[in-house]
Amino acid sequence: MIVVINNKNSNTKQLDNLKSWIKGLGLDIDVSEGTTHTVLGLIGDTSKVDIDLLRSLDIVDSVKRIQEPYKKANRKFHPEDTIINVNGYNIGGNNFTMIAGPCSIESEHQIVSIAKELQSFGTHFLRGGAFKPRTSPYAFQGLREGGLTLLLKAKEATGMGIVTEIMSAEHIDLMKDVDILQVGARNMQNFELLKALGRTNKPILLKRGLCATINEWLMSAEYIMAEGNNQVILCERGIRTFETYTRNTLDLSAIPIVKELTHLPVIVDPSHASGLSRLVRPMSLAAAGAGSDGLMIEVHNDPCNALCDGAQALLPGQYNNINKEIDIMLPMLNKVRN
Amino acid sequence: MIVVINNKNSNTKQLDNLKSWIKGLGLDIDVSEGTTHTVLGLIGDTSKVDIDLLRSLDIVDSVKRIQEPYKKANRKFHPEDTIINVNGYNIGGNNFTMIAGPCSIESEHQIVSIAKELQSFGTHFLRGGAFKPRTSPYAFQGLREGGLTLLLKAKEATGMGIVTEIMSAEHIDLMKDVDILQVGARNMQNFELLKALGRTNKPILLKRGLCATINEWLMSAEYIMAEGNNQVILCERGIRTFETYTRNTLDLSAIPIVKELTHLPVIVDPSHASGLSRLVRPMSLAAAGAGSDGLMIEVHNDPCNALCDGAQALLPGQYNNINKEIDIMLPMLNKVRN
Amino acid sequence: MIVVINNKNSNTKQLDNLKSWIKGLGLDIDVSEGTTHTVLGLIGDTSKVDIDLLRSLDIVDSVKRIQEPYKKANRKFHPEDTIINVNGYNIGGNNFTMIAGPCSIESEHQIVSIAKELQSFGTHFLRGGAFKPRTSPYAFQGLREGGLTLLLKAKEATGMGIVTEIMSAEHIDLMKDVDILQVGARNMQNFELLKALGRTNKPILLKRGLCATINEWLMSAEYIMAEGNNQVILCERGIRTFETYTRNTLDLSAIPIVKELTHLPVIVDPSHASGLSRLVRPMSLAAAGAGSDGLMIEVHNDPCNALCDGAQALLPGQYNNINKEIDIMLPMLNKVRN
Amino acid sequence: MIVVINNKNSNTKQLDNLKSWIKGLGLDIDVSEGTTHTVLGLIGDTSKVDIDLLRSLDIVDSVKRIQEPYKKANRKFHPEDTIINVNGYNIGGNNFTMIAGPCSIESEHQIVSIAKELQSFGTHFLRGGAFKPRTSPYAFQGLREGGLTLLLKAKEATGMGIVTEIMSAEHIDLMKDVDILQVGARNMQNFELLKALGRTNKPILLKRGLCATINEWLMSAEYIMAEGNNQVILCERGIRTFETYTRNTLDLSAIPIVKELTHLPVIVDPSHASGLSRLVRPMSLAAAGAGSDGLMIEVHNDPCNALCDGAQALLPGQYNNINKEIDIMLPMLNKVRN
């Protein structure tokens, strides 16, 4: 960590106080004095340094981290890709993983029939929303416990791995048979939930918050890992920008960057970012091209509810076409669909 | 709510399906057919309509709300300012409320002595962090239960109302003697926490999320109110933008807008937005000018820890000067410091 | 266009004044009165309506466009893809166009040798910066007129189409032998320049502004087209967001959306968005997957300047590998590299 | 400037090449080698260093400026406030300057009568739009040359200083009798225009671009100053964020920061940021509280055009009330309305 001191704003006493405080954190200091600025190089484990406090000091012009503040998630200390085996299938490494299913679980028939159809396309992971985070308290909040029961029936019927969102640490026991617990964008910095999930042995699919920097996203992964659970799958799902044509802006440049910074698998959810089903195909191909380790796609199969045709979810046939196109791309990306 | 249908993308069957679905929600429809577009006016209680689902339909060009989706927080249905009496002092209406105190509670001496000094300036509310949300799992997380105990000692010693952050519904009982429970920016859409707080009878200070629109912020207030707790105080604390000189961008235009949209009190936290103590004074005066109902300011009084001079927190004397300047402005703003 | 009037804030006289003003613009009005709101549907050519003025009226709650404000750029009125023939090669339609070359033109040898190498890879368009927009007045501003002369020598030597940036209408004559004139992101709303370019017969490559909405970008294309020049090629190059790991965030979701809204060709510049050469390959594949009509990539071939290895620009061999990978993708995208 | 080298990605030859290149720019280097990173401190005039090029090198982890890249605009080298005397009145220092007038110049009667009324309130500067930058080519573009003539008649009639927007260097001669030339937000990085204005002897009012960082804004001031014209007045007018209730988000924290970084006067335009006249008063008071050196406010006085009541512009009486409230605040801000 580099701390730049403004000589004009500081006196010897203040600088000495700062140095003592830094040494008190167990760090060494390399001092390089200039005419207008003095640069302190902090040597040692700087992950405990409160960078905001340093930045807020009047004598400090700016602070720059050299080492990333995350350790367990950091590729520097763990160069090999993390591969997470879930239900017999590998996620990460050279595997390309498809996760598909409906936004909300509605009925046993709905979830079981769509699971079977997805499985026939070679998809091994089924997603379905039981507990739904909604902006409005008056909107449908999912079938909750009832939805979970139905999702488990689809698991029983197909053997697929199941993925569902958890919104509170109090639901961990309830979800003991779920294969992958999803943390939604709005809870990415619900630190009490992250800590509790870090004490489970479940793979966690951690969505990026709407305005989370890459660094904050990885720090949230670190929260889970710091408690002992290394099975974190990152999921890019769009960030909030000034552009309003799409619900959010899918940040695909984040994929190659995050793959450099961490050894954890990174997948993309192209359905939620745009909110438009006709963007799912192009953004799925784009995500694969950007180096994603997989996709999470909304698929529904309810022919009675014509309302939903063309909504955020794809029909099974449209989904299967994306699978085939991804298969054309995977060899040049050195990946295999598992 | 107005739904604009693209005639080219839609056929009669799809449009009929959509109309049936809308009527199934208990709404009436006013149809106005144009050559290229058909406009549906939805009449009735549209707060349950899933606007994202509507928007995602291929036949729908766009959707526009006319009525705000919040009801209990809406000034249209509650034109009078909500005034919340806490510990004998009113917040909201023509009152200007100061809340002050240290970022973190460190010791009994620290919190009691600063409380007494603040009280001597006419401040009736003491803030102090016991449970601290931190980006890094390795950073100091606050004294937690121990910090709360110390804060309650300061309450006992001064009779001041106390304000502290709650990060999990599991801590509600623990905080039964706290006067105002604060929901931090990162938990603004932790809906399970909001619902639980809605079932308490405590005033809730709801900070705006870093990338929350004004509408989402009010919907989070509505989550609390929908459960029966109408004592919500909104707090603007900066939004995330591309500008990096300040930690966040204080959105003061939000103040007059939110005052129009809702009857709830709205205060400003100028300390956290900028992260720089020398910006606290100008942004406090600016917040008062913009029409804020109060301020929440970090103040520390630890003369031993010279490191912190000039950090995010003000010294008591600096804080008191702001009080005096605010007092000059209040008459023209038709407010009184309470 | 739909104008929502707040009945509470308006009286009959104000509403009548507004209606007269609207009719004075040659528009018809469809009025639908509700209890709390009155909705005016404006029928006719609303492209001249000042939407900001309408929005700012106290009696107006909100305004919503139904018809896009651009006409000549609008796919609704021109459903077929615009194909622009430049120097014998087609851009747009089912063609995938590669534009490559160095950021700055440095010497005749540099630009001619790289042009020949790019041509040997089947690339028909050469880019090179002569006039360089720089944030700092003290930074190298390009060779200007001298750079242009060198670029034209490379055209002479290879017959390639050349693309270079124009920063002022005063340079139009100087650039009479350039094949495609590029408008940079910072000049996207330099309306006097756009109008002047609209009076030329040159194809214009219009980069998206750093904080331009899709709508504003298309309106800038419309500025050029309104003057009679329909040869506009759009170029996505990243938008400014809160994320700072990359210089800008490449907004690839914009590609399928813009292809829906307009008939103009849309290409992607993956080099400038990230500012990192190692992101060019993944973002090029991603752009192709998203449906881009081509790519503009920085390539340099100066083996003496080892400094630049690994900078924003690719080496020719790295560039050629991307060409080969794009070729694998094009059949499934129904495109051919031209 | 500090350049952090990643030891793992670099070899001796690359590092030597980089050092030679830096020395070739006339800079000295202070090297501090760590186990994982090597830190280069660049000593000397770093304003010519291409920071983007440095950042894009594979061996470079990150780059941090210590000295700001602007010199003439920098308060470090010019600690005293710049005071610009225009038409006998001082702008900057302890002066608080009001600039007011209509958005568009419509007629001689309109502009002369409003000028007289503003003058009667003690306002010495009249703004009026002759050349109007509009998002749409079909919208009213101002009366252009004709509007300018009318504005000069108002100057003749009142002796007020006049302020109007310039959109192209070709109009400099035309505007030789204008007192302050305004550069609009969209032209903030129209570098050819900035350079041309730097060669005039006119005060320039430089609006902040919609997505300009504070640093970029000051670099644009530097473009003007580098050509010899030091009379630059900065004007904050809102930045683009995700929030859509207001047209833009007025960034008032920028005021105290910019006052620290530069000696130039900084004023605020509260009318354009929000686009709503009822926000002008609170945001004017807020701007004064934040330490602004003045305000630029839209005022219209056309009783015939009832349409505009309540639009972005204030009526003269509303404007005068703001003047009176500002007067209450100025003593505590150590400022006088001039």
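As written, the chains take the letters A, B, C and D, and residue 1 is the first residue of each chain.
FYI, a residue touches a chain if its C-beta (ideal position, glycine included) is under 8 Å from a C-beta of that chain, and two chains touch if they have at least 3 such contacts.
Just so we're clear, the structure is a prediction, and the values are computed from it rather than from any experiment.
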Query: When A-B is set beside A-D, which has more C-beta pairs in contact?
result: A-B
Statement: Outermost chain relative to subunit B, judged by CA means, is C
Field: Inter-centroid spacing, subunit D versus subunit B (mean Cα positions, whole Å)
entry: 31
- request: Find the geometric centre of each of subunit A and subunit B from their Cα atoms only, then give the gap between the two centres in Å, rounded to an integer.
  value: 26
Separation of mean Cα positions, subunit D and subunit A [Å, integer]: 39
Query: Residues of subunit B that touch two or more other chains: which are they?
result: 211, 240-242, 244, 278
Message: Thinking of each chain as a vertex joined to the chains it touches, would you call that graph a line, ring, star, complete, or other?
response: complete
Task: Could you pull out which subunit B residues touch subunit D in their complex?
output: 211, 213-215, 239, 241-246, 249-257, 273-274, 278-279, 282-291, 325, 328-329, 332-333
Statement: Within the complex, subunit C is touched by subunit D residues 13-14, 17-18, 21, 47-48, 50, 52-53, 55-59, 69, 133-140, 167-170, 186-187, 189-193, 195, 210-211, 216, 219, 222-223, 226-227, 240, 247, 275-278, 306-312
- prompt: Okay, in this complex, where on subunit C does subunit B touch?
  reply: 2, 4, 8, 30, 32, 34, 36-37, 39, 41, 43, 61-62, 64, 66-67, 76, 211, 240-242, 244
